[in-house]
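As written, the chains take the letters A, B, C, D, E and F, and residue 1 is the first residue of each chain.
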Amino acid sequence: MKEIIRVTRQYRFCAAHRLHTDALPDDVNRKVFGKCNNPNGHGHNYTVFVTVTGEPDAVTGEVTDIEALDRLVTGKIVERFDHRHLNHDPAFRQLVTTGENLARVIWDELVNAVPAGRLDKVGLRETRDNYFEYRDTPPS
Amino acid sequence: MKEIIRVTRQYRFCAAHRLHTDALPDDVNRKVFGKCNNPNGHGHNYTVFVTVTGEPDAVTGEVTDIEALDRLVTGKIVERFDHRHLNHDPAFRQLVTTGENLARVIWDELVNAVPAGRLDKVGLRETRDNYFEYRDTPPS
Amino acid sequence: MKEIIRVTRQYRFCAAHRLHTDALPDDVNRKVFGKCNNPNGHGHNYTVFVTVTGEPDAVTGEVTDIEALDRLVTGKIVERFDHRHLNHDPAFRQLVTTGENLARVIWDELVNAVPAGRLDKVGLRETRDNYFEYRDTPPS
Amino acid sequence: MKEIIRVTRQYRFCAAHRLHTDALPDDVNRKVFGKCNNPNGHGHNYTVFVTVTGEPDAVTGEVTDIEALDRLVTGKIVERFDHRHLNHDPAFRQLVTTGENLARVIWDELVNAVPAGRLDKVGLRETRDNYFEYRDTPPS
Amino acid sequence: MKEIIRVTRQYRFCAAHRLHTDALPDDVNRKVFGKCNNPNGHGHNYTVFVTVTGEPDAVTGEVTDIEALDRLVTGKIVERFDHRHLNHDPAFRQLVTTGENLARVIWDELVNAVPAGRLDKVGLRETRDNYFEYRDTPPS
Amino acid sequence: MKEIIRVTRQYRFCAAHRLHTDALPDDVNRKVFGKCNNPNGHGHNYTVFVTVTGEPDAVTGEVTDIEALDRLVTGKIVERFDHRHLNHDPAFRQLVTTGENLARVIWDELVNAVPAGRLDKVGLRETRDNYFEYRDTPPS
């Protein structure tokens, strides 16, 4: 057996978005995305859950440096998306601003930058009832 | 002593908004509203708390007809604001879309339409940490 | 100006109930109470909020003896209603088991028994979106 | 490495139940199930978490059609159990209405009906402190 | 009738404390405060709710300057108590670190310093089930 | 495919702690642990999530005896840590009281004592934003 320790930190940002793709005609956008396609956009209080896994340091008992993780996620994610309109972000020029895609964009920003340990998953709560999660399967 | 019973129901909508007023120059808007003035807007998961007070009916034991209250608030508030941009709503042509003003707009829509009992207060949670409440003082 | 301190404790019980009164014909019960009148009953995880107000003791800094309050509410409310069917409780022989009536029944049980301070209000959360509150107006 | 995206939606219903099996004598029922075996039943505010996994659609960026998922779960689960007594449901003629069995019943209703993607797990919160989860292991 | 608008902001700090007073012998401390009197102290994640009331500004629609309020509460309360032991704070040299007294200490720090509007109440959540509130009655 | 059922119960305790190790000089402690190294300690409302997995009993429909699990966790974990200072616990004589180490200590206490089923994971919420999880990988 092998121990697995996970540490999860929560972060928050408030943003506007609109589900819409130029690859589809307007009536199909409307049909596929429903009210999320309303023309002037809407918005959410997003919560991001960043999970790091690894061995705790033998001396400090910590898997990762949480202050460094906070600086990373605040700098790369919170300051970029907080009080912004997601559809204006360069990452979403070709991508619809669904929770699935947003979780993936956050993953890509963080996966090679975690201060210690390995990024295990990125969770994203969009509304009280909607939650998205992105992870890679561990290498075999 | 006089009994006071209050019934509170929660409702939810997701909307975009931007704090900005044409009555002030851009740099003052920026200074007063900070990041809430960012040009493309942002958004929130709003929760509305509608509180009705009154005497429970002697037979049914209820202060108000909750199904009728749900129809009222859904029709007048949720369907109007959900998945919309608040700054495009006619109520906010002259008003900044602050939580204070939004709570007041909701109060004005409901105060004379509650099915039974008296509207006691309207609460509005904008983010996890921000809450607004509007009420009239009871007549003396 | 006069200081007001309030202390609120939460308690919980899980119970079944059915909104129904023999004072009305079945079809009116169905119309008034909707699905809450379904024949075999349903149930909730109830949360009770007991608020006591008073002057903190000059030496201990406490408004009331919280351990004594816990014994009171556990003995008189939680053990009586937890994992029970409210319609079988003697208090509801003539009363419909609405949140309004249940909050009042709890108030009546506690109002003269609070260990120190004065009972200020009884709150009752029935579902995530339904909250009831009972209080007396302070004597003038 | 292979990407895994999960989408989780929450649903709610309020129901009564009683833990009891005719396969055991009354005193053993009482001993095994404790207060959950109280004769007139009790109830809960249940929350159901439905998790779907799959590849996001290349154009829409969505793993599944959430409106279709909502119709499915509302029709098959919420309308069936909300404001009902679980012990009267045909699924529980031979099964005790434990959280374990209820999660399994919900899984069986949904597993072959998810609009797109694959059902990954069904979570069920029965009380603030009790949570059940059912999943199949992925095929090897 | 007179409008009342309230704005509530939440703040958080984590602190240790021990309920104990030198004015009472050890065995009475033990009896009065129970496990909260345990010799090495314990701790909580405290949440502070600061409520300000007033007229919204006619142009900005805001009751108070929330950024200024944040600076005030962060400077006077959060930085002072976060990751500290309350019994070592000068305010508690003569006072027991009960929730009642802590709410009062926070009130006294803020009441004359709110940027606009009037301090209406200070709430303090100590544990999931314990909540304290301090307010002055409005002048007559 | 093989069914997996998980049952999770929540438990709570309030405790003080201080992140500090005698294996490092004071200034390094300060640098590594930041404000968590403040000399007089601080504290938290901890929540423990105990997850047990297994086959539901064919007659009772339960994976484990929840009352027995409650007695186990209350006796071994809650009564030991509640209203205590973690740094004074024998388990932390050589270990820093990080969430990682605390989750591991709880795991070790429970792993061979679960009444039925197998301990699957131990979760630990330290603050609103910090969560730790310990599990062993299943034997292959």
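The rule we apply is simple: a contact is a pair of C-beta atoms (placed from the backbone, for glycine too) under 8 Å apart; a residue touches a chain by one contact, two chains touch by 3 or more.
Keep in mind the model is a prediction, meaning the values are calculated, not measured.
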| item | value |
| --- | --- |
| Neighbouring chains shared between subunit E and subunit F, ordered by label | none |
| Starting at subunit A, fewest touch steps before arriving at subunit F | 1 |
| Shortest chain-hopping distance from subunit C out to subunit F | 2 |
| Averaged-CA centre spacing for the pair subunit C and subunit A, given as whole angstrom | 41 |
| Whole-Å gap between the CA centroids of subunit B and subunit E | 27 |
| Numbers and ranges of subunit C residues touching at least 2 other chains | 128 |
| In contact (per the touch rule at the top): chain pairs | A-B, A-D, A-F, B-C, B-E, C-D, C-E, D-F, E-F |
| Residue ranges of subunit A touching subunit F (in the complex, touch as defined) | 1-11, 56, 59-63, 66-67 |
| Of subunit D, residues touching subunit F in the complex | 21, 23-24, 32-34, 95-101, 103-104, 128-139 |
| Of all residues in subunit A, those that touch subunit B in their complex | 12, 14-17, 35-36, 38, 40-45, 82-85, 88, 127-128 |
